[in-house]
Structures are given as structure tokens and as C-alpha cells.
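For reference, the structures are reproduced in the following blocks.
What follows is a pair of complexes built around chain A, which joins chain B in one and chain C in the other.
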Partner chain A sequence: METSKQNWTGKISVATIGATDKEGGTRSSQVTVGGETTLPYLFKEGDIPNAPVIAMEVLDIEPTDWPDALKKPFGDSLKDPVKWAVKCVEEYKAPLISVKLIGTHPDFGNKSAADSGKLIKDILQAVKVPLIILGSGDDEKDNVVLAKASEVSKGERCLIGDATEKNYKTLTASCLADGHNIIGESPIDINIAKQVNILISEMGFPLDRIVINPTIGALGYGMEYAYSIMERARNAALIGDKMLAMPFICLVGQEAWRAKEAKAPSSEHPEWGDEYSRGVLWEIETAVSVLVAGADILVMRHPKAIEEAKKYIDNLMRR
Partner chain B sequence: MALSGLEIYKLLPKTNCKKCGFPTCLAFAMQLAAKKVSLDKCPDVTEDAKRALESAAQPPIKLITIGKGDEKLEIGNETVLFRHEEKFYHPTGIGFLLEDTSSEQDLRKALEEIKKLDFERVGQRIKANIIALSCKSKDASKFEAALKVILQGTNLPVALMSDEPPIMEKALEISKDKNPLIYRATSANFKEMAKLSKAFKAPLVASAPTLEELEGLVKNLNAEGVQDIVLDTGEKGIAEKLWDFTQIRRLALKKAFRPFGYPVIAFTKSEEPFQETAEASTYVAKYAGIVVLKNRNPWSTLPILTLRQNIYTDPQKPLQVEAKIYEIGKVSDKSPVLVTTNFSLTYYTVEAEVESSKVPSYIVSCDSEGMSVLTAWAAEKFTAETITKTLKRLGVKDKVSHKEVVIPGYVAVLSGKLEEESGWKVTVGPREASGIPSFLKNLGK
Partner chain C sequence: MEKFKVVFKPAGKSVEVKKGAGLLSAAVSCGVYINSSCGGEGVCGRCKVIIKKGKFRTEPTGRISYKERKKGYVLACLTTVEDNLEVFVPRESRLDLSKIKKGEARLHRLKGIYSETVEVDRGKPIISEEVFKHSPIATKVYLELPPPTLEDTVSDYERLTRDIKKKYDVPIMQTGLRNIRKLGSVLRHSDWKVTVTLGKRNETTELVIIEPGDSSGENYGIAFDIGTTTVTGQLINLNTKEILGTKATYNKQIAFGDDVITRIVFAREESGLERLHHAVIDNMNSIIQELTEEHNIPLDQVTGIMCAGNTTMIHLLLRVDPTHIRREPYVSTANFVPVVRSAEAGIKVHPRALLACIPGVSTYVGGDIVAGSVACGINNEKRLTLLIDVGTNGEIVLGNKEWMACCSASAGPAFEGSGVSCGMRAVKGAIEKVEINGRLEPKIKTIDGGKPMGICGSGYIDLISEMFKRGIVNRDGKINQDLKNKRIRKSERELEYVVVFKNKARSNYDIVIKESDIENIKRSKGAIFSAASILAKKFDLTFDDIERIYIAGGFGTYINIENAVTIGLLPDVDRKKFKFVGNSSLIGAREILLSYDTMKKAEEIARKMTYIELSKDPAYMDEYMSSLFFPHTNLEKFPSVKKAR
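Our next item is the complex of A and B:
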């Protein structure tokens, strides 16, 4: 019988997040992603050695725009990022925590780099899983905040981001000096995605410590743009483009929970049905869409959405 | 698959006799490839060449129509593996599984629920497309009774599910003018099912557990004279289904492999709604022509329909709304004027928020070639000049007695220039549309 198998020559790089005492860190576990030699879940023409992982998101300030359905599972811990992180690991078994330092943004409290540094230290103390550390997106502020975060977590092999085309030098230098992985961000543009990786690597940064953030949109809110960028990048990587052959990180929770379909109360949209399931499923479905396109790390919020996305990943990985 | 000029040239007599009106066979071939002339202009073309050219002119994946009238479902005729290569053409039909063992009352209730799976998103209607009725009872009279309830209760196309030709025949008798989909022909019943498909001119699902067996089955059906086929590879894990569907699509498109030149149908394996939605969505993204679901909650269906809308959007042509003045609510000459771009996602998000604010307003949508606010601004399609031009062209000043315009917070930098250019007073609105209601309520207070 005729088949149509692709002979892929490229391979997605393998990134390891977290350093145990063997590697000079204090994490109790490591998370490894990437290494694919085939398109998503086509096991018959290549290997997918590492299943996608889900990091749980923790913010450095109490969330203001989260609907009740999303706040409830975390209770009072939302007021204290350290407790919040502990809850994610102990109660919800998160293998990876993503700390977003949104409170350092001038518009959201303008917390100092010193405050963030202390918070990162405290979280590293309180939980032993590897960390992702994300800035607030304000270039100037990120340059001081992330430099500090990198410094206090030296040797822990975190994943820190985001480096952009216009603002990559400070973060790249920090991550290089302190032994971290880095996230290169591009605004849904494959050429910029590649350019950012080239710029970072030209500073002597190893390719296998770079992760791509393709800046996704939520389901129904531009999801298809990043979906296609990811498919294009993966195809290019598998035929040998090393500057696009990095694992993807997708900020699923942050995007999904901005959607009206995720947070509008049933009183406003009775035709959409049960409010709780609808919000959770909007996050799951946003995760599904990027998984099909090749996502490696998902940053998510709702414990139920995470549990279901995990189940789905287990199903996908069953060959 | 379309042939190139050179490939067509190889099939021509190569005598350069000019009878076609072209100086050489090659020139004629080039015109044929561009579909500017027809083959019959060449009097000397051989029968073999004719046949080769005709089959090459057929689409690599056949378009299959199920049902009749406004609600008919068209699937297949796809041309690419990835949407970025061109676009996907015929959105996956979303179907719902009903069983003939349900009571009449339950069936009616199910139909009512399915009718409500009909939503509007960014100016498009997204809805359920097909009902699959399974003969779980294995009893022809029960199946017939249930089918009658369905035919009465909905105009949606139906798929009839039974492996028994005699049961299928009776069902086809009462549904034949609806062009139903016959599910299914297997290696055990294909001769009888082929006969029914031909007699009732109804498309037929070919179902086999492996691609090898499916190829053989389709060839058998073709030999029996069945041309309208939908492919099914049976129940298996998600990754295995992905492989099957990818193989089918690749072989059809890249190797013009005729046995797989048809759309595929998928049934979900999961019962539980979260997992079922995830599974179904995977098949929507990866090549299913129809996906049949068991759950029919609005909250579990809306995400699938939305994902389908996203995946099937033309990547080259983002959905756009007309660039014009939209009146939201009972507007007066005092109502605020908000400007935004003509990218439909942007426009409808703004519209929904203005509506929910209950403050009657004008929304002026500027032609930004379908880009969102920030992208359009970066591409210089949404600038002080273009906004000024739009305000003028649409005669906004004749609609209101004031001269104030609200711009999106993301393009706050435009305010100075825009005031200068347009002579309107500029107010900077919120960055995210979700801030519009409170913004509008406080405006002018």
C-alpha cells in the first residue's frame, strides 16, 4: 500500500528547565521539552521524546480581572504569591511554576526590582519545582526586574522571558551569566521569531536554551494567526532551519481568560450555557489549538482546565 | 491535480500543425494549463491523452454534498495540508449522534437542543450541520419511526447509520428526497450498500479499520459504480486518527491517489464533554470533513464551532467589516463617536462592548485592510491621516453636533497629530475593548 512519509532531517532542540543539586541548583526535579523529529503526534514518521508540559501561572499581585470561577480554586492564596505557588505544587501537582511579574509594570503597581528579587527567592525556597519567570512587558522595567530575578536565581536554570527584537541584550546577558534558559518573543511573525533567535545566539547564547513565544491569541480571538506561524516554523525546523528549531511556549491561560466566552456571566449570555464549564473549556480548547500546532510548554490557570488538558495530552501521546 | 504546461505538452501530438490556432503544441499546452482554451481545439489529440487530461482536471479531493436546500452540507475539495499554504475551503460539518432507542419525546428534545447550537460570531453564523441517526435497536421499524421524528423536526441533513442493507433500504425510502449520507459500507456489505447508494443517489461512507483495507474497499465501491464517497477509518486513538487523516490528505494531494480522493468522517471516542470537545477539535483542525459528537451542550459545542471558524478563515484575507459609520442604539447628534479599524474581530469586540454599555454611540470603522488596531498602526494603515480621511469621506460631522472623537488607547500617540489634521478634539479611550462600558458611562460626566 502506498504511504506518504516525510523524511524530516531537522530536530527541535531539547531544553531542560530546572537544576537539581547534581547540576548545582536546588530544584527537586527537572522539566525537559522539545526533541521532536516529526510534526505534532505523527509518531510514525519521527519521534516525540517529551510530552508537552503545563506550567501553572502565579502572579506577583492579586489578580483584578479574574472571574470568580477562576479565583475560587485558589481561595485566599491569590493574595500571597508564595502561598499561591505552594498551592499549585502541593494541591494541583504542578511540575512547573510560571511567575509573571506583572506588578512591576508602571501601570500595575510599579513594584521594584528588589521586591521581585525577594519574591523569586521566597518562591524558590517554598517550592522545589523549576521556575519560569516572566516580566511585565515594559521594556525599561523588565531590564532591571528580570536582571535581578536572574541574579537571585542563579544556577537554578530557570526559563526567563521575554526577550524581544528591540529588547534582548540585557536579558540575554543575564541568562548567559546566571545559567538560565531564555524566551524569545515575536509578535506573530515568523521572520521576527527567527531574527530574535539569531540576535540572542549571536551573543554566544546556546540554541538549546532558547524557547520561542509566538504570542498566541485565545480561541476566537486571533488564535489562527499564531497557529499558522507555529505550523510554518515547525515545518521549517523539521527540514533543517536551526534558528526556528526551538520548543514553543504558549501563554494559554492569560489569553483564554480574557475572552468574553470564558468570563461572561450566564445572565449575560444564557445561550452559551453553564458558566463554569464554559470558562474552563475555553482555556482547554485554546490549549488544544496550540498543542495541535506543536506547543511544548503551556502556561495555564484553572486547575480543572489543566487537569483536562493533561488528560488530553496523555491521550495524544498514546501511540 | 492540475497539470503544468510541460506535462500537458507531453500528451499532445507534438507535430506543431497549428490547427488549434497556436504556432506550436507547446504554446497550446501553456494556454491549456492556464485554462484559457479547451482541449477540443486540437483535432489530433489521442483518446489516452484526453482521459489523462480529464482525470487531471478533477479536484484531488472530491466535493461531496449531503442534504438539500439551504442547509445542505458540502465537504471536501480541499487543496492544501496547511492553511498557511492557501486556505481551507469547506468547513468541517459538525454532527450530533442520536439513537433510535431513544423515546420520541427524547428525540424531539434533542432536536430542540441541536437547533439552539446556532450562534453569531464576528458577523458569521456558526452552527450545527448534520444529524447522525444510529440504528442501535437493529430493528427496522424502530429506526424508521425515529427517522420520521427527525425528518419532521429538522431541516438539517441526516446520516443514516446501520450496517444492515435491508434496514438501510427502508430508511432510504422515507428520506430519499433529503439526500442523506449512508453510513456505512464495509467489506462485508459493500455490494448491497453500493446498490443502495446508486439507486437512491445518496453518498456512501466507506469504513475500514486500516488504510490498506480502506483502499481496497473504495476500489471495490468504485468498481460497483459508486463515486460519492466519504472515508472512515473506525474507532482508534487520537494520534492514530491524526496519522490516518494526514495520510489520506497527503496521498490525495501529493500523489493524486484516487482511492483517498474523498473527504473523511470522524466519530469521537470520548464520552465526557471536555475530552470530547478536545478530541473533536483535533479532527476539525486536521482534515475531518465531518465530526460527529455525542454531547450537545452549548458550552461544549461553541468552542468547536469557534475553532472551526478560526481554522477555516482565509489567512490571506482576514474577515473585514465595511468601513462606514455604525449606529449602535438610539443615537442622537450628541452621541459619542468612536473610531476603530475594519478588522471584524476588532470591530465586533468594540461593538459588543458599546452595546453592553447601553450608551448609544457611533462607531466609525476605518479601512485598515483588515488589520487590528496595533498591527494597522504599525503598518501605517491606521494613522492620523487615514482617520481624518475616513471622518471626512463618511461625513461624520453631519451626523453629530459636537466635534469630539474617541480613539483606541493603544494608539494614544496619534492624538496630537489627529487633532491637528482633522480639527476634531481627540479623547483617548481604553486600550482593551472591555474598558469601553465604564469609559462611555463616565464620558461627559
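Our next item is the complex of A and C:
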């Protein structure tokens, strides 16, 4: 029996994160994502030149709502973001670090732009893998903090986010001036995803430096909704919609560990089983779902979950 | 024929009438309005008046007690004038419909609504007049009957109908007992020369009014478009088909909610239904009063009213409980409302005048869209036609003589100038045209050429399109703060663009467009465009398959199609396909008022039309979200706009 084949005309753009000294940066490695010409892992219909990448998440303040199961692998390094980043790279071999500047949020410490600028500089010194830099989600503050972060990392070709429909101009201008990639965020909505990309590109920003954050829900928290939005965006991109033809970044760790089922201690819910493996499984499950939906960059937390997700990626990539 | 003067107290108004004329219509003709919920049938007993001086003739009635009769009380509808009279109208008989409380009136103004009645464009006739045969809902006929002799002893009523049937093709006739009772005296008093008003009530012809002498030259009707946001009325000479004037006002019901659903909910509150009913009747009566006064027409010469409105508006107009409209399974009390007397609804014209409402398709598609389809002649059209009504309910009709389908998009009132900070209707002082030059300076034109007061729907279309073309707003409709210009500023945490500074305006404030106004217009245009897209898609059609597109709405005389395409309100197709028709619902109501035969066509359309419920279509929300961008998220759908960028 012959299976029918779809001939796709579109191609996902290729984004490169990190600049080596040859390109005016100081990174020792680069991460390249995107370039798909087929739906996830349908190698018969097209190519997937770059395997999905897992970035490890580092926060600029000591996490307060992480359960023991998640804190344990990092130990004391959680108190120092630079040490934390080094641990991720040296011990857990992270090819990419994602620094979330949550501590700059007015409700979580209100750290200054100068402080976080210094932190970014220090991390860039301490680790040589490329960086993702994420703001706190407070529009006004992000405009100052991310502009500073962009400035101090000029030439390193980081991936900085998130630009939203309501707040995209300052970040777009900074990333354009300092040579970074940008993340366009939309609230699980294919139309807004496209609209944000249009707004960014209309400021003269190259399409191949935009990455889509479609926003996701963890397993049990809207996973299937996120899945179908990613699937539809990919479909549209592959039939030629250039404004949706960008790699996806999915904040898997953040969403999975927000779930009550992932972080509740066994003492509260003995019937849910061992708390040390439950959260990890939740993160793996969430990661696997976004992978088969077409995710290109996954930002994750637990080393064990990352290890399993990597194995899964290797299997998927076996042609 | 002898004429007598009748003076009404305490109003002090007077009128000269022919001998034998009815007292109730004499009162109405000089603007004295007396309660008459039965429409002059002598049944309700609410038109009690006291005759102070002069001779009269009145019929016995159980509605007047012995005591009252002693004091000179009569029912105005059962009394005829035989002398110069002085009549006192007691308080309980005076009809006062201005019952909207002061607090409500204030709320009205707070919402930024100009609620006075204003002259609006009358709307162009769309199709050739030959299509509609002149057969108004009410026709006045002057008859000179042969007096009875010993050889011709036919009864008075048969004598009258014999003469009518000889001259006119009226197979089924009926009349009220009231007319029969007074027939003998009116005929004899007027020397067998009378004017009868023949009214069309569905298949039946009714002998509505009988008056002494010849008054057939004066017969008027009023067509109404009862919109959720705007009420428009048009005075028409039913004999000559001449349009005498058109007036509009914001629907006073806005004080109780902007959309039909909130009003239906409000109707459930204590005396809610009554207040909603009075609000719209008040609107209609003030329009009627201004139109008739301006043209010196006594109210009792208005014999027919034709209304087009959505189902909820018609329910409220007739004071019929609309509750079931919003409850599953969404059934209205009546989509095809029989012809009734206007007095029963509280409308101040001749008490026996007829009130007809154009039938609706379903609970959510009313007679306004049927009237619009009649006006555009979609039911006679071979070509595939689309009608887009840019109103609060954004009705859209697609089809031709073979088939018709429609849907309704909740567009909101922005294009009618409501819900936007400097919005107003397309009337004097409204900015209807805007161009913006390279220095971001606007060039405006108001409807009357005078100083501007606000911006109407077509003005907003031009304004946003020009701002978009000049880069003042981005594709999301946000104002570009980085442009250094005195017209771009931030007030109350919101960016705005100053269209006219107050020293150049008729208003005592700057005329501006705020980001939230643009957002409102964006939602309205998005709702309309996406509804039209989904409707076409349902039938596997694209906009290119459609051969003619009618644009309706209260835009006055002007809409810039190019700009409407630029903002994504209208599809990007050959501009020759577009035709702007103005208030199609009003035009339809007028055509049916003047040609009651057309009512059958309206009924046929109402039965034939398929209603597509957009909220049940999963593709609609997606298309709507996609339309919330200028001109659209998918620029490929607007090739001409893409090219221009």
C-alpha cells in the first residue's frame, strides 16, 4: 500500500542563538533551531535539519515556590544565579541557558535594571553557552530591564523576550540595535501570534530572528489547547504563511511545575504517589507533548526530566 | 359645507372642522391628544371630555355614568361636531407619553449621546419605481353617493361599499361597528359626499375612517426604522409619494442598555417593559410631531405608519414581553405582526390610523433586514448580491432571486457614532471626510460645511484609514508615540490624535480620536467583515464570486469605499461592485408603506431567508480574531492594501 504524501511549500526559518568570536561574540558554541519543511517528524514528507534543543532555566532570585524535589539537584547553587548557571552547563551539560529576570518584577523584589545588567554580564563571563534572557512580564519594568540586558550583551546574539502585542516596540528596537533574536509571545492564539510577528517585522526586524512563544499549558492545564494552536500555526507556516514560519519556544518547566499535581507533597496527597518522581514525570509528559506538536526550544528545570526528554528527542530524530 | 370652530381647554388650542366631523380626530388635528387605547371604537372609554358650550351629537355608551352625563361628559370618539364648541379635556383623558424620568434623561447625556431629533439624509431610491405599484397602506377616497330613493333602497353601508367596489378592486371588506353606527348621520349630514379611508390589513381591506366632505387630497404616512441605536422617521405624502422630511434621534432605550440583550433583561424589571416601550414611543412621537409641524400637516391626516426594526425593537414598540427571545429555544411572540391601530401602541396620529410592522425572519433577524432586502431588490436580482448593513446588529444578506441567507454580527454602535468619545450621527456638524497630509495635518469636511462638532461613521472610516496610511497608527490600531507632533498626545493615560482643536470647533473641547475609539471601531469592522466572510464561506463562495455589494448604514450621503477597504471593513474586490444605499431599512419601510403589495414580497423574503447562526460556527471566532487588525491579519486577503504599502 502506498501512503499519500503532502508536498509542503513553506519552510520554518532558521534561527541561530549565540555568537562566537568569529562573529564578534564570546560564545564557544551556537544553537541552531528551525528549518523544518514538514510536520513534526514526518521525515517522508520533508526535512527536520535541526533537533529540538533544551535550555535550562536559571532565575535571578532564589526560587520560593519550588518543591524540594526540584530544588534538590541544584543544592546551594540556587542562591547564586551565576553558580546555578555554571552547574547547569558543567554538571548537566546544558547547551543553552535561559535566565528569567523574575526578581525585577515590582512584586518579587523590584531589582533594578543595573543589577540585572550586571548579572547578565557575570553569567556571560562564567558560562560560554548562548543565552536566552526573559523579562518578568511587567511591561513597564521589562522595557527598562530588557533594554539594559540587551545593551550589556550586545553582539552575543542572545534570544530575548517576550515581546507582546501591547509591548513590543522597545524590545524590538533594542534587539535590532544590539543584534539579538527576539521572542514574540501570544496567549495561545494563532491570530495574535501572527499579529505580534507582523508588528515586530514592520519595525524592520528580520523574520529569521523571531521565535514564537505560543504559550502553553501543562498536562491537565490546557495542554491540548496549546497543542492544537501549535499544530495549526505549523500547518499554516508549511503552506506558505511566512508570518507564522518561525521556530517555537515552549516554557515547559515553568508550566509543569506550576501544576499542583507536580509540586504537592506526598503528605498532602498520599494517593498521588512519590513526590520526588511525580513532578519529574509531569515535566517529561509536558515536554513530550510540545515536542510532538513541533517545539524547537524547550526551557526546562529538572535534570532528570531533561535527560528523559533528550532521549525522547533522539528517538524522534531517528529517521 | 358648514364649518365650525372647536376650542379645547385647558390647552387653548382650536381647529375648524366640517359639520359632522368626529371630535376625537378634531382634537388630534390641532395637537390635543386624548387617550384612546381602542383607537376610536367607543370601547375603552378613556377619551372622556366635557362639552362646555355648543351643540353636538353623541352616541349612548355604558362608559359614561349617569352622573357624568349630567356634568356634560361624552366620549370624544362617539361625538360629532354640530356647532362651535368649547371642550374641556380632563387630566385623566390627556395622553402624556413623556414619562421618562429626569434621572434617566441625565444618564442619557452622561453617555455622551446627543438625543435631540435632527434632520438626516432621506436616502436615495435604489430601484426603479416601476417595481413597486402605488398602493399605499391607507388610501383616501372621495365618494359622491346617489341618495336613496324609493327605487333604490339599498342600505347605507351597502350603498357605500357598492360604490367603493365599483371603483376599486377590493374583494374583502370589513369595518368596525363604530363606523356603522355613525354612518347614517355622517352620510346625511354631508349630503352623501364623504371621504373614506381604505386601509390594507393583510388580505382584507378595512373601511378605517369615514369623514364628511372631500379630504382625499390630504393623506400622509410615516415610515420608521426602529434601530437599536437610532430611530429614524420619514414623512411621506401617500397620494403623491413625495418625501417631505426625514428625522432621526438616538433611541432613548440606550439609557437602559446598549444592546438588545440588556434591554430584554431590563424589561423583566418592575415596569421595565413599560419604560422601554414609552422610550421608543416617545422617540417616534417627537419625530412625528416635528415632521408634521414643519410641514403644517394636522396629525389626523396621518393615516398609516410602517415600521422596520429588529424583533426585539418591534416587541418593545408594541409593548409585547420580549423575555422569551433570549431564553432557549429562543422563540419570539410574533415575527409576523398583524396590522394594528397606532393608537393602541400610543402613537400620536389619527386615532384609527394603521400601524404595520415588516415581518422578521427569526428571533434574531428582524424586519429591518427584510426591509433592506426589499429596498435593494435582492429578491428580483439574478446576480449574486451581498447586502452589508453597517449598524449595531450588523446584518448581512447574501443571495439572489433563487435563494437568500443572512446572519447578524454584533458590531456595536461605533459606526453610528455611539460608544466612541467624539462620535455623533451623520448630521450637521459631523466630520464625514478626512484627509491627512505628510505633516500629519488633517483636512476635514463636515456634512454641512460648517464648524465641526464631532465625528460620524464615515468620518471615522476616513480618519483611521488616513492615520494608518500616514503611520500614525500601526496595524494593531495603536498610536505611534514616537512621532513628534502636537496632535499626538497622551491624556488620561491614553494616547490620542487631535483632529480639530477646540478653537476651530463648534464644541467647547478638542475633537480627538483615542486609542480606545480605534479599538472600538476595529472590533466593529472586524465583526462585520468576519461575519460576511463566514457567510460567503458557508456557501463555498468567495467575495470575488459576488457580483454586487450593497452597503447600508446611517452614513448620511457618503462613505469612502477605498478607505473602508483599507481598514478592512469591506472586502478588497472590484470597486465597481459596491453601491452605497444609505438607510436601507428605512427605504424598505417607505416602499412598503407606499406599496402595500410589496408586503407580500417582504413576507416571502422572511419565509425564504435562511438564518445562519454565527455563534454556532467554530470558524467565526477565529475569523473574527483574525479581523482584529488593519486591514486584516492575513494581508493577502487585501491585495490592494498590500500593494499600497
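We take it that the second predicted complex is superposed on the first by the 319 of 319 C-alpha atoms of A that agree within 3 Å, B and C clash if a C-alpha of one lies under 4 Å from a C-alpha of the other, contacts with A are read in each partner's own complex, and residues count from 1 in each chain.
Methods note: a residue touches a chain if its C-beta (ideal position, glycine included) is under 8 Å from a C-beta of that chain, and two chains touch if they have at least 3 such contacts.
Quick caveat, the model's predicted, so the values are computed rather than measured.
Looking at the superposition, the partner that touches the larger set of chain A residues, chain B or chain C, turns out to be B.
By the document's definition of touching, of the two partners only chain C reaches A:I192; chain B does not. Contacts of A:I61 after superposition: neither chain B nor chain C is touched. Look at A:A51: by the touch rule set out above, it reaches neither chain B nor chain C. In the superposition on chain A, A:V288 makes contact with chain B only, not with chain C. Legend: residue contacts after superposition of the two complexes on their common chain; A:S4 is shown touching chain B, with no touch to chain C. The interface of chain A with chain B does not overlap its interface with chain C at any residue.
Those residues of chain B that touch chain A in the complex are listed here as 82-84, 116, 119, 121, 211-212, 215, 237-240, 242-243, 246-247, 250-251, 254-255, 257, 273-275, 277-279, 281-282, 285-286, 297-300, 302-304, 306-307, 309-311, 313, 315, 345, 349, 352, 356, 372, 432, 434. Those residues of chain A whose C-beta lies close enough to touch chain C in the complex are 165-166, 169, 189-192, 194-195, 198-199, 202, 241.
Of all the residues in chain A, the ones that touch chain B in their complex are 1-4, 39-44, 65, 219-224, 227-228, 231-232, 235, 258, 260-261, 268, 271-274, 277-278, 280-282, 284-285, 288-289, 292, 308-309, 311-312, 315-319.
Residues 474-476, 478, 482, 622, 625-626, 628-629, 633-635 of chain C are the ones that touch chain A when the two sit in their complex.
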